[in-house]
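Structure provided below as structure tokens; questions to follow.
Chain nomenclature is as follows: A, B and C, assigned in order of appearance, with residue numbering initiated at 1 for each chain independently.
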């Protein structure tokens, strides 16, 4: 007799899917007014302090740069200077290169860990503990954490000492520190967790019976991974890639600390230019960085609906 | 009798789906009305519209003759008991019941002694006098149900809407709460509107039963009329106690459904549904049967289900359709039928209900 | 998959290595912070174990050629700033997420506008704010432009945390309160807020730690008075001494104590809910 018990189909399901519910504590117009009041402060904050400054940056990139000041006379001189300068254009390419490498290393290093956490640890508490264990290093100041790679990778650093003791090398390797290598290592260490988290989350949502069923049908481990597990984890990979990309593309502190100012990224260019009061030039670099970022994020967002995954 | 709540042509859509389709109904003061409908019939939506949680797309709701169109949920004075009880998990039983009195917009009650008196009185009414200081996670499902009711009743609403209030309880408790709900309502004289998908519950509780079908009112009358004279084949189907045969009546007054044909009131030829209630059927062994067993069908016995006061026998008809027969055991002993044996299920043509399109 | 013992152990071993990799810098700075002073440098091997550099931070060592870290005032500024940021972004995040419980026109725009705050690189946010401030003749300060920039960063986090909380929130308890004649405003205070409080705590924790350690946004926006990360960044260009490692260890411990406070508040709020149920009736 209870078969027909249950919710009426409409109100619950229509809303659960959207993740947003219709509601009217009051009339419709008053509900609208309340919504407007609730979103106004946050929206105004973002528009005023984020969107306006970004537009300002675009605007200033066309101003005239004097030695120690800028003037609102419009010109494309700074833009021409950027693209005709070997150094700056190289910085753009280097930024893209480092970004791609770090994206690859965080994925390669992070995926197996995510696989273990998301798929092999069944106990939710243990899962949380391991994830928290991964996040704990974040409570050390980011800058100091980066600095700690110096005594690790230096000529007399821990890595070289260990390798020498093991007899693997005769001479200390010098290229470990103050090179692109050390920058990649530092960034990977800092950002890999942002790759692990989303992937592990997606993996933990996979229904075990799906894998069970595939195994019953005679599929091997590799085949199961390729056809079931990996495709289902892809949204996590994309979300992780978005996190890592937006952070790495705007980076400058890691390269400043670990490259001995030899590896200049777009971020470093901006910092140096601001340091010498070349605002217009810094703005050009900023606009270019924004453009790169917008393209990367837009492309990644094509693969996944951020609003749904969160 | 005076009308307390009136719905006029209420329509509610969600995207392309119509949950309520021009529904009109009137509730009398001091009555228990049960609203029966299968899932998806719009019954929960109806309650939410009345309570003011959803705004109808068209039509209006009138409480004591006053339109509620511009009245928000918290100013309607309509009580609402939801299926999951929706108790405040961070408050004790006492505080749950006291919540409305303390925090309502209109004349909040500050006097601690008066508050205590009112809440205790209500807890006593629902039989929870000793549990006031318990936390919500420390009481049983049935007790939660009573807290939800007490919390609503203490606010002295003009009408109380109950959304599948017994759905979350086990069968035993459900039966007890049915009696309790009716008792409490009678004691207070408030109108209750009780939504359920369970036909037995609807018939047992309501002074009147409203049957909802696809967002429309299919029938509203006293339980006896609904049960014995459903107004349409769909209502009969919801009641879940009719064997139904789809077919056609010919001019001669015979109803043809597949290989079977039954006697039927004469009239113009028309397609229709022929319904026979489970408990109006006699089972006769084929061997002992004279040539003509009267109106009925030949069927094979499958199994039976014993339910104390009654027993239900399941048969398979010639076309594979499962037919049910119910015996009320107060008058007789259960019969033994041979599984796989063939029987003649017969009934008096007067007892059958036929609906034509 | 779990019945592949070899794969399982291999991955477990790898995960252990991975976590070792994450912790390596911390271990290194932990060890090197006990380097002998003032002659010992920020590298291996440890010439002699000592707590010299810890004493150095608190100015307990005799004056030497190594200047003490300029952190005293910077730290107070950073804590104040983190507190201001925490309060603002949690309020904004909760308000905005509350609005998102209702479907409304333009919700997609508002969503991405808010999320933009965590996507745009800090250096650009700082640059943009500095440009605007300069042109309006507003002087940049940690409590002004930097505060604004920090909220831009932490508000999206608070918003997303609260959004997740509200997605799981059972709205029927609010409806129950309304049907008892309680206004939506009071319902929020008396029912919704107590129930979402754990989420509010989490978003406060997020905002505080993010702001406390924020660097790229602050760099251009802070003006003359430095915050803590800026003070540390200042030591990059000069020579590094183990005192910075000692300081790293101390700040980590400090972070843990904040985490502990969060944990205690969290369990208290759970327990209080249970206790309130029992107590409020006894009196």
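Keep this in mind: a residue touches a chain if its C-beta (ideal position, glycine included) is under 8 Å from a C-beta of that chain, and two chains touch if they have at least 3 such contacts.
These are the chains along with the protein names UniProt gives them: A, C = ABC transporter permease; B = ABC transporter ATP-binding protein.
The structure presented is a predicted model; accordingly, all values stated were derived computationally and were not measured.
Participant: Report back the single chain whose CA centre is most distant from the CA centre of subunit A.
Facilitator: Farthest from subunit A by mean C-alpha position: B.
Participant: Look at the interfaces A-C and B-C and say which one is made up of more C-beta pairs in contact.
Facilitator: So, comparing the two chain pairs, more contacts are at A-C.
Participant: Approximately how many whole Å separate the CA-defined centres of subunit B and subunit C?
Facilitator: One centre to the other, that is 54 Å.
Participant: How big is the gap, in whole Å, between where the Cα atoms of subunit A centre and where those of subunit C centre?
Facilitator: 17
Participant: Going by the touch rule set out above, which residues of subunit B reach two or more other chains?
Facilitator: Touching at least two other chains: 52-53, 72-74.
Participant: Name the residues of subunit C that each touch 2 or more other chains.
Facilitator: In subunit C, residues 178, 183-184, 187 touch at least two other chains, as defined above.
Participant: Could you pull out the residues of subunit A that touch at least 2 other chains?
Facilitator: Residues 22-23, 25-26 of subunit A touch two or more partner chains.
Participant: Quick check: in the complex, which residue numbers of subunit A touch subunit C?
Facilitator: Per the touch definition, subunit A meets subunit C at residues 18-23, 25-26, 31-32, 34-35, 38-39, 41-43, 45-47, 49-54, 56-57, 60, 109-110, 112-113, 115-117, 119-120, 122, 130, 133-134, 136-152, 154, 156-158, 161, 189, 192-193, 211, 221, 224, 229, 242, 246-247, 249-253, 256-257, 267, 270-271, 274, 279, 282-283, 286, 289-290, 293, 297, 306-307, 310.
Participant: How about subunit B: which of its residues touch subunit C in the complex?
Facilitator: Listed in rising order, the residues are 51-53, 72-80, 82, 84, 86-95, 99-100, 103-106, 132-138, 148, 151-152, 155, 157.
Participant: Touching subunit B in the complex: which residues of subunit C?
Facilitator: By the definition above, subunit C touches subunit B via 170, 172-173, 175-184, 186-187, 190-191, 194-195, 273-274, 276-278, 280-282.
Participant: Quick one: in the complex, what on subunit C touches subunit A?
Facilitator: Where subunit C meets subunit A, its residues are 1-2, 4, 7-8, 11-12, 14-15, 18-19, 21-26, 28-29, 32, 42-45, 92-93, 95-96, 98-104, 107-108, 110-111, 113-125, 127-132, 134-135, 148-149, 151-152, 155, 159-160, 163-164, 167, 171, 174, 178, 183-184, 187, 209, 213, 215-216, 219-220, 228-229, 232-233, 236, 240, 244-245, 247-248, 251-252, 255-256, 259.
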